[in-house]
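Both of the next two complexes hold chain A, though its partner changes from chain B to chain C.
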Partner chain A sequence: MWAYFKFELSQFITNKKNIAIYAILLFLACFYAMKIAPSYEPIEKVDAKEIEARYLSREAFLSTFYNDPNRFVGMAGFGLAIYPEWNNLDKARLDALKDHDFVKYSEATSEWYVYANNITYGNERFFYSPGYYSHGNLYASEDGYYGYLYTASRYKGYAEGDYKLSLNVFEERTALQTLQRLLHSDLPMILMICCIFLTVDVVLKDRLNPTILRGFPISDWKKLIIKGIVSLIGSIGVILPLSVGLIIIGIRYGFGDFQLPVPIYTTLSKPSYFNKGEFVNTAMGNYLVDNVIFIVFCFMYLILLVLLVSMIIKNEFANLLAGAIFIFNESFFFQRGIGFFYEVENYPTNYVQVGQIVSGYRNYIYNSNALNFNHGLMIVGMSTSVLLVFIFIISKYKRYKLI
Partner chain B sequence: MRKLLKTNFIIEKSSKKNVLTFLFVALFVFGLAIFMENKDVGNLVIQKTSEYQNLTSALSRFQEMDASQDGDSSDIYQNLNQQQRLVTLQRAAANLDRPEMFVNSAIELSNLRKVAFDLEGYEDVAVYLPTYTENQLESIFYENLRTLGIPIFKDNLTFYQFLIFLFGILGSIWFIFLAFYSCGLMIDDFRHTSIIKGYPIPFEQYVAAKGISTLSIILLVIVELVICSLPLIYFRGLGDSSYPVAVFDGDFEIYTITQYIGVCLLYMVCIAIFVILLSIILNMLLKNMYLTLFVQLFLFTLPMLLPKLISLFPFNPYNYMNFTSLLNGESLDLSNPVVLNSTHGLISILLSIVILVVVIRLFLSTGRLRRV
Partner chain C sequence: MIELKNINVQFSGRDILKDVSETFQPGEIIGLVAPNGTGKSTLMNVIMNYVKPNSGKVVVQEKYQYTSKKNEVKIHQLVSMMPEQSDLYNHLSGKEHLRIYCSMWNSNPKLIDQTIKDLGMDSYVKKRTGTYSLGMRQRLCFAMQIVSDTPIMLMDEVMNGLDPNNVELISSILLKKKEEGKIIIVASHLLENLEKISDRVFLFKDAQLINANEITSGYGKREITTVRVKDLTDAIKEMFYQEFPNTEIRSLSSGISLVDVSNYDLEQLARIVIFFKEHHITDFSYGNVTLNDLYSMYYLENVKR
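== the complex of A and B ==
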């Protein structure tokens, strides 16, 4: 069995297609690090000018209206009630920025975001940062709510932590934070697509040289398991080319720290003021480990799926199609808020966006509370074992012989 | 040659790949229809609500002031306020089913936006507004609707309206689909070189037969796309084939739906021939279908990754592979704007096809075939 494993592994590594996949990933990683990462514009920037403009105009309003006899006419009273505290926070942020006191800035900023969100959410007169209101976004205020409280929780973590703070950390530009942002968007899908491409011919390539391979004294079932393990190792190996990009980003913007806070949206405790969940910080290291575990589970599921399909249909395009259906299925029926009506947490295809599952964002946009790490592992793991049983049964049938 | 084609068709008929492809295409069309139904694509009220939100956040960047004509506010502020008023009017018109009012205010709105491009301080609010090209297309579309006197369509799932949407999506994925479909072309033959060498016909004819049989399958796929949309006639009605579509074709113009679909079909067939020929050449050189696939996709994404290349080499056929964005004039909104013309695109693709044919005739022969 060990000899067969070595044989499969050497075939896997020398396969032209697999080398090409690693090369493409290396190119993409470098391209991202050189071109795309530097032009990243966070919505919540550290911008002293913006704070100052807001602070000064509100200060002017307060000083004119404070002793005005008409101060309770119209909305002026509302302004007089909310602006003083808001301005204090803005002043604290400005002063901290001027003194380069990042801890104080974090404290004030965290409070600022909570305060601003309490007033802005559901209010027609105030707006979140303009970046949320992109063309055609109907859920801008919901995104703003998430973004503000996410940022507040993040800054709270910075104020309490004992690592080196910098503007790059605040704007999530360091290598680890970039990885976190990517996991939150497209990276899991890219990894899974790579996994499918790496696995797609692992069974069917044997059909080209049947006479040689029929001689191995090893059962089909064991062969399949070894092929699966080799593909899993290869799929996890895509981390290598991607880490080159991370190193480039790290050299430019700093690597960050494994203790950096990552806010997780949770709904387990009692609902908050706006009947939503709240954010709890976890360490960057934990977040990444959770992601890696989850992605490995998804890899196992995909690999077994591809193995099963290649046994039954024996066509590489069928493999691609089956994998693509697993990855893109969610986007066909996805709608915000349907988690309230349907049990979205019971479908393994809803766990493709791994980073968003771990950070709770999927729960937020589905308006559900069950799409979490543990439940996901259970669902994907159960589906994986079902596939494994199928493969075991089918491998006993002569009709579905590998070669 | 005819006998060979017959053999090829028999092979294609029993190929699992083709069955899967047809299945996939049918699933795609039905999935798209369900997706549109779910998302309520083309619902005017939703569209206008989002536009209203954008304008509100654009206005929030200004101090609130007197926005009347003789007020002391800036021109852009007044302009945005008027835009917001018109959008509100449109939303009401869509709700109350008053197509004429909708179109009239749409024309007024696009005129206002045209003015806004030259006003001071436009750059600050540009993200919230449609680009110049989008506005031009909208303006010409509504003007045409008014002159023709056709009421604006609200049901985007009628047959013809759905086809427009379908071909719009196909623009960005047709090449990718073809690259996947054709990447394995002739690879099987390299595994049995002795058979090819035994055929009593020249190699070019063999390649031609292979290309023609693949192309006919792709034509069948196109027919399938239309057939799968036919049930919509039963569910939602036929729609109007002379309904206008605004396109950029070197100039802002109006096509009817039939014309638009015609141009799309022409592009789709040309792209299909191009991809088939390139796949054959790449397969001969690389001898691995996945490498062929990756090279094709890389060439396709290169102009998107580096938009500067488009203005450097405007005649690169890969600039024209996404025919929807071409017809939408998206190249005008790049950081280095280029005028990409759909006729030039066709010429460019056809020229490349000729070059590929010449390459196949000159450099590839049976003698070069080796077992993989």
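== the complex of A and C ==
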């Protein structure tokens, strides 16, 4: 078996298509690190001028209306009630920034976001940061709610933690935070697409050299398992070209810290408009480990899916199609909030947004409390086991020929 | 030992192998002869279980049959088939190919260098096979199987693309492997060479395996059994029959006629010489029926009397 493993691994490494995939990933990682990452504009920026402008305009309002006999007419009274505390927090943030006291800034900012969210959510006269109100986004207010409390939790973690703080950390620009952001967006899908492309020909390539390979004294079942292991190693290997990009980002913006807080949205009961969950911080290291474990499970599922389709249909296009269905299936039926009505947590295809599953964001937008790391591992793991059983049965069938 | 028991293979209703039963013993080189598309490769594929026979079975070393995937692996540890040169990995070197086969069959790694030396492959074995000529690729394929070192070796068209020197080289290695007790089944169109190295030769006719010895009494004997005459006209043939009434003459498409003299004594043989001399026939020789003759008789033309 070891000999066959070495043979398959060398085949995999020298496969031109695989080399091209790694080269493209390396290029994309460098391009991202040099061009896209520097232009990243977080919605929740550290912007002293913006804080000051807001602070001064509220101060002007307060000084104008404080002694005004008509101060209780219209919304002025409401403004007088809420602005002093809000401005205290903005003042504390401004002072902390001026003093370069990042711990105090974190404390004040965390409180600021909680306070701002309490006033803004469900209030038609107040708005979250403009970045949430993108074109066509019907859920800007919900996104703002999530974003504000996420940011509040994050800053609370910064205030309580023991690591070097910086503006780059606050704006999530360090290498580890960039990775976290990418895992929260399209990186898991990109990795899974790479996994499919790396695996798509792992069985079918043998058709090009049948007389060399089919006489090998090793069973089809073992061949398939070894091919799967090699594909898994190769798929995990995409970390290598991607890490080049992270190193570049790390050199420019710092690498971050494995203890940095990552807010996880958690809900104990089924959430609703009035009953939302809360954020609990976990360490960056834990978050990344959970992501890696989950992605490896998804890789295993995808690899076995491609192996099974290769065995039955023997067509690379069919392999791509099967893999694509797994990755993109969710987007065909996804609607915000349907988790309240349907058991979306029982479909393995709903776990491809790995970073969002681990962070709890998927629960938030599905309005569910069941799409979590443990349940996801169980569902994807069980689906993987079912595929494995099918592959075992077919490969042991006496008349079945792999090549 | 390898036994074929009542093997039947049909493709699209046509018999390719029909009730083939034969046993091959250790230390034997078996030659398979037939025109293309008559079942040689199919027989080898059946032995390797690449083609499932419609009925019948293959028994290896008296205990293993293709009854399960587990047994298939066991049989493939004992039986190997020479790869085709078109299947070589062009980006790998010859030596890498040999290493793959050596490690897959867990054979003695010393065999790699020994085989390279025996086949004179030193000068190119480290180059990528994409740069090899036809003959070099063929030698590599042969070397790969030698390195696998299985007790039973199947070789389809092993001499393809080889010059006479390499044919001799490979023949000598095959004879060496035979001495080691291996069963070697060779399909080849180099009939003269095959006749020289094979212990038994089988021809395919009507989907059946025919032992060459059973086709004519004149084949494979170490005595004078045949007179080979060139350009024997019908008129002379008639006169010959009158003088030697119980003699059989077979005319081949090559223009050669074979006169069966298996039971002739010296005096009768001398009379034949006198007959040919009297009729001004000078191009004739004494010997026995060759595999080439059998091939001509069997596949190129109907037997004429």
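FYI, the second predicted complex is superposed on the first by the 394 of 403 C-alpha atoms of A that agree within 3 Å, B and C clash if a C-alpha of one lies under 4 Å from a C-alpha of the other, contacts with A are read in each partner's own complex, and residues count from 1 in each chain.
Following the convention adopted for this analysis, contacts are C-beta pairs under 8 Å (C-beta built on N, C-alpha and C of every residue); 3 or more make two chains touch, one makes a residue touch a chain.
The structure presented is a predicted model; accordingly, all values stated were derived computationally and were not measured.
In the three-chain model built by superposing on chain A, chain B fits alongside chain C with no clash. Contacts of A:S57 after superposition: chain B is touched, whereas chain C is not reached.
Of the two partner chains, neither chain B nor chain C is touched by A:S185.
Of the two partner chains placed by the overlay, only chain C lies in contact with A:S395; chain B stays clear of it. Applying the stated contact rule after C-alpha superposition, one finds that A:L208 touches each of chain B and chain C. By the touch criterion defined above, A:Q259 lies against neither chain B nor chain C after alignment on the C-alpha atoms of chain A.
When the two complexes are overlaid, the chain among chain B and chain C that reaches more residues of chain A is B. In the superposition on chain A, A:F7 makes contact with chain C only, not with chain B.
With both structures placed on the common chain, the touch criterion links A:F31 to chain B but leaves chain C unconnected. In the superposed model, A:N346 lies in contact with neither chain B nor chain C.
Superposition on chain A places chain B within reach of chain C only down to 8 Å, the least C-alpha distance between them. Comparing which residues of chain A touch chain B with which touch chain C, the overlap comprises 208.
Only residues 48, 50, 52, 66-70, 72-74, 76-77, 79-84, 87-89, 91, 97, 100, 103-106, 144 of chain C touch chain A when the two sit together in their complex. Within the complex, the chain A residues that touch chain B are 16-17, 20-21, 24, 31, 35, 57, 127, 130, 133-138, 140, 197, 201, 208, 313-318, 320-321, 332-333, 335. By the touch criterion stated above, chain A contacts chain C in their complex at residues 3-4, 6-7, 14, 208-212, 214-221, 395-396, 398-399, 401. Remark: chain B residues 16-17, 20-21, 24, 31, 34-35, 38-39, 46, 49-50, 53-54, 56-57, 60-61, 63, 127-128, 130, 180, 184, 191, 286, 288, 290-291, 294, 298, 305 touch chain A in the complex.
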